[in-house]
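Heads up, the thing below is written out as structure tokens.
A, B, C and D are the chain letters, set down in written order, and residue numbers restart from 1 in every chain.
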Amino acid sequence: MKPESLIAALYVFALAAFLGYQVISRVPPLLHTPLMSATNAISGISLVGSIVIAGSLGHDQMKVLGYPLSTVLGFVAVTCATINVVGGFMITDRMLRMFKRKELPAAKGDGKKALKG
Amino acid sequence: MERFYFIEFTYLAAGILFILGLKGLSHPESAKRGMHLAEFGMLLAIVGTLLHHDIVSYELIIAGLIVGGAVGGAMAYWVPMTAMPQRTALSHAFGAFAAALVGIAEYMRHGAELEGVKMGAINLEVMLGALTTTGSLVAFAKLQGLVRGTPMTFKGQNVFNMTLLAATVALFVYTLFNPGAAAPFYAMIALAFLFGVMLVMPIGAADMPVVMSLLNSYAGLAAAATGFVLDNKVLIIAGTLDGFSGFILSILMCRAMNRSITNVLFGAFGSVKDDAAAAGEQGEMREINVEDVAVQLAYAKQVVIVPGYGLATSQAQHVVRELANSLEERGVTVKYAIHPVAGRMPGHMNVLLAEANVPYSSLYELEQINHEFPSTDVAVVIGANDVVNPDARDNPQSPIAGMPILEVDRARSVVVLKRGRGRGFSGLENPLFFKPVTGMLYGDAKESLGRLIQAVQQA
Amino acid sequence: MKPESLIAALYVFALAAFLGYQVISRVPPLLHTPLMSATNAISGISLVGSIVIAGSLGHDQMKVLGYPLSTVLGFVAVTCATINVVGGFMITDRMLRMFKRKELPAAKGDGKKALKG
Amino acid sequence: MERFYFIEFTYLAAGILFILGLKGLSHPESAKRGMHLAEFGMLLAIVGTLLHHDIVSYELIIAGLIVGGAVGGAMAYWVPMTAMPQRTALSHAFGAFAAALVGIAEYMRHGAELEGVKMGAINLEVMLGALTTTGSLVAFAKLQGLVRGTPMTFKGQNVFNMTLLAATVALFVYTLFNPGAAAPFYAMIALAFLFGVMLVMPIGAADMPVVMSLLNSYAGLAAAATGFVLDNKVLIIAGTLDGFSGFILSILMCRAMNRSITNVLFGAFGSVKDDAAAAGEQGEMREINVEDVAVQLAYAKQVVIVPGYGLATSQAQHVVRELANSLEERGVTVKYAIHPVAGRMPGHMNVLLAEANVPYSSLYELEQINHEFPSTDVAVVIGANDVVNPDARDNPQSPIAGMPILEVDRARSVVVLKRGRGRGFSGLENPLFFKPVTGMLYGDAKESLGRLIQAVQQA
């Protein structure tokens, strides 16, 4: 790793850390569960790394079903990471879709009025 | 060159979209859009990566994406909301495992020529990845009830764990200076996997949420480390965001339970349990029958519902909503009081009630509702215990002293729905149940509520 | 500028932009004047660039009092930037020192009580 | 190598400290500490830079630091608080000029071998730096009263400016592709300097604050560009933070004045003035003498003081504080109502009153105080006009319609201290002065207040 890139990476890390703190600390308790699954999904970003490895051929001797071992590990990694990403995002969406501000236009509201009036 | 820039820009865009996505979560209105941004960001990052010039063949990639997508989709589609904690734990395991594998593969490919910094990053990535994987799996098993949820301890456990940790760290350092030496590297991984198990095993199921958010932040840090290994900044950004959210959440939880993280991890709770047991009963609980409760509710002006972990275990969220409806139809004002750590994960109650179509505008947080109890006719405590334990407020000796509570005991009358004399998560006795204002309605929350609804119709 | 460093710089820029927005938008009107002078002082950071130029010898022909012109420009830059930095920070401190939460232990408070009691 | 890392780490640390510094400004308590962090960060960055391996001789550096430090210190030490705006403007000019010079020097040294991206960064840096320099100088001159504060316009100005801008941009683009060509580069700079003047000249002194924050953000962006040129990230961070704060502040100001930035920059305000003048007087102003005011104040329960630009011009902050004291000694509750855009720069009134030792806990913002006016016996308007103009609320036709105001006209009685019939910044007539509740106390704010204090003593 070239020194320049190391430094650059550290900058990104430091700034992201601040930003993470700022942003996350503003999420209301109401949304903490979605937050958990959302960050969980985002952490599936290691998928990016996995893909490169699964697609490129390592020059390592050990072969599994004709593929270099490292490549196979890459495949497993892709699978796991994808589970994480897809699962995480879908569940988050599902949860968020459940949060509603106002009542559905249910008979309820009217019933109430009817009784009040 | 063009390609290089294109890929890098997809990554940059992804990073920005992730941030925007999390910003969106600051309000339920903007949350959905935020998530879609984040998802789009992920898509961009993937597309960009597929153009990477090292990639020679796509079949394994495609295969992995398809299999993973199918499994992930299935999991997301079929898990019930009440199984959220387990699912998240499992998902962590997968994510962390992927990170670990990437690290291992990287090592296999350029093990020898790795220099200090990069080797350190790989070690960090692999170690965090490994222990998060097994740790999350144990957490999953406990939450799912596959293994005993109670803390599992054995003699000399701490000594063992410490030596384990020491050995892992030693190997970590050694490999730093001899990247070529494969054996120590793999040994370190093995130990890390084991350490993950040892770390979570002694922790009770109820504490899992805290542990999980911690594991969440480890998983994030592992991803960030991967970013350092591959010199890929979007990994660093995403990983860091993730690491922080996990960390902040666990802090919040601990604060709301007022315990220290160390206390959670190295559970001093066991002892407390005993003292509490010793404290024993304080007088009589007044039982009360469905009809009386129904009448109270039917003719009340304001009713506040206080859900707790019991609501989750008995899956009573929909029935609660029905009860609330029938009361509101009679002109009763119904509000829900949500304690930050009611249930077993942050926002647990909010999700359950949202699932039952309760609008979040009628969910009230601690500060918003506490001053309303005095003017509340009936407070209905459904499977909640610790979060309404007056000792936290009144008794400085109590182990949960200082933990903010919902002050239901200030309401004109209180009805508690629980199955029996069971303790809450903290294992403490709850004086509320012995107060004159309180009536106990025994039985599984769901059933009790079902009977209540009918009774209310008659009333 | 190497492509890698350009990209890295862009990352830093993007993250800093977010962070700037988050942080600044939390500053209360009460402190807007100090904020102005503080950021003004911080923008004097170009001092860093100036110093390098003033200290290194450009190989440009034109000489001013024996120094290469670019170096002299560097000197002027250092001077200006320093004015900006020192002035900005000192004035900000001076302002902030004036903001007090409670009264000084002035006779006022007592006088009031005296009259009330 | 070690040195490289050391330098880079000082920069990283500096960047982090700057951020912490600005975070500190989110509360007056933490502000001081925050600033010290930022200062320490700047120190670190400087020390780090001094170790840079390109540096061969230090005498010019030392000289520059000494001279600059002395001048800067003197400026900071002697400017009165009321001259804040001017000082800031001047300071901007210096900062921007430095950025421009760095760019020029860089160009002199490796002009020819600069490729696209870097040349673009240099151009941006130099252009922004140049126009900010002259722009800020003009702003300074206007605020200091060295030149006529009123908008200076001439026929065909817009056409001229547009051509000027076009020419500058053209040269900008040209130099991108022929970095070697020095003449166009320097021509661009010259035009940029000129453009800065043209940009600010037509803007009235009162609008300067907005312009200045904009220039502030340009200065920041220039610094950020320098960061791209020198591939130095701390410059990018600091510059970006600066750029954003300037931008956000100008937005806030415009919103509070409810005008658009373009409207400020290309002042459509002139026309409005005339209409307003046309509107002319509406009835009689009721003059009222010091003694009556004194009695009103002395026997009031609650008095709210509403300071405005007039307080600044007449330097009356200390006298106000004295008046408040003598009233409080009589048991009167005194509160200060601070409008976000009272005065001529953001937070102007806060600083002035802070200077006079008014604790910020007794300064109230718009939202906090407006509902209190009905229960206020006397509202004392000191040199404020637009910020208390009821038209903004009542008269949709008014050019400032919708601008949030302090609703003093709801108070039981209002006393307005001003010199005469002078209009406010907006040049509009103010119906408040003609309302029956309102009494006018003519004269310079400082003098009137002085007389008031004595009268109160007697009362």
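Odds and ends about this structure:
Simple rule for what comes next: a contact is a pair of C-beta atoms (placed from the backbone, for glycine too) under 8 Å apart; a residue touches a chain by one contact, two chains touch by 3 or more.
All values derive from a computational prediction rather than experimental measurement.
A repeat of the A-B interface exists among B-C, A-D or C-D. It is C-D, with more than half of its contact pairs matching by residue number.
Taking C-D and A-D together, the pair of chains sharing more C-beta contacts is C-D. Here the spacing of chain B and chain D, counted between their Cα centres, is 47 Å. One finds 38 Å separating the Cα centroids of chain A and chain C. Computed from the mean C-alpha positions, the centre of chain C lies at a distance of 15 Å from the centre of chain D.
The distance from the centre of chain A to the centre of chain D, with each centre set as the mean of the Cα atoms, comes to 43 Å.
Across the assembly, chain D contributes 19, 233, 237 as residues in contact with two or more other chains. In chain A, the residues that reach two or more other chains under the touch definition are 5, 8, 11-12, 15-16, 18-19, 23.
Against chain C, the residues of chain D that register as touching in their complex are 11, 14, 18-19, 21-23, 25-29, 31-32, 35, 38-39, 42, 45-46, 49-50, 52, 54-58, 60-61, 63-65, 67-69, 71-73, 75-77, 79, 81, 84, 87-88, 91-92, 94-95, 97-99, 101-102, 104-106, 108-109, 115, 117-118, 121, 212-213, 216, 219-220, 222-224, 226-246, 248-249, 252, 325, 328-331, 338, 340, 345-348, 350-351, 354-355, 357, 359-361, 363, 365. Interface residues of chain A facing chain D in the complex, by the touch rule stated above, are 3, 7-8, 10-11, 14-15, 18. Those residues of chain C that touch chain A in the complex are listed here as 4-5, 8, 11-12, 15-16, 18-19, 22-23.
Chain C contributes residues 1, 5-6, 8-9, 12-13, 16-17, 19-21, 23-60, 67, 69-104, 106, 108, 111-112, 115-116 to its touches with chain D in the complex.
Note for the complex: chain B touches chain C at residues 1, 4-5, 8, 12, 15-16, 19, 233, 237.
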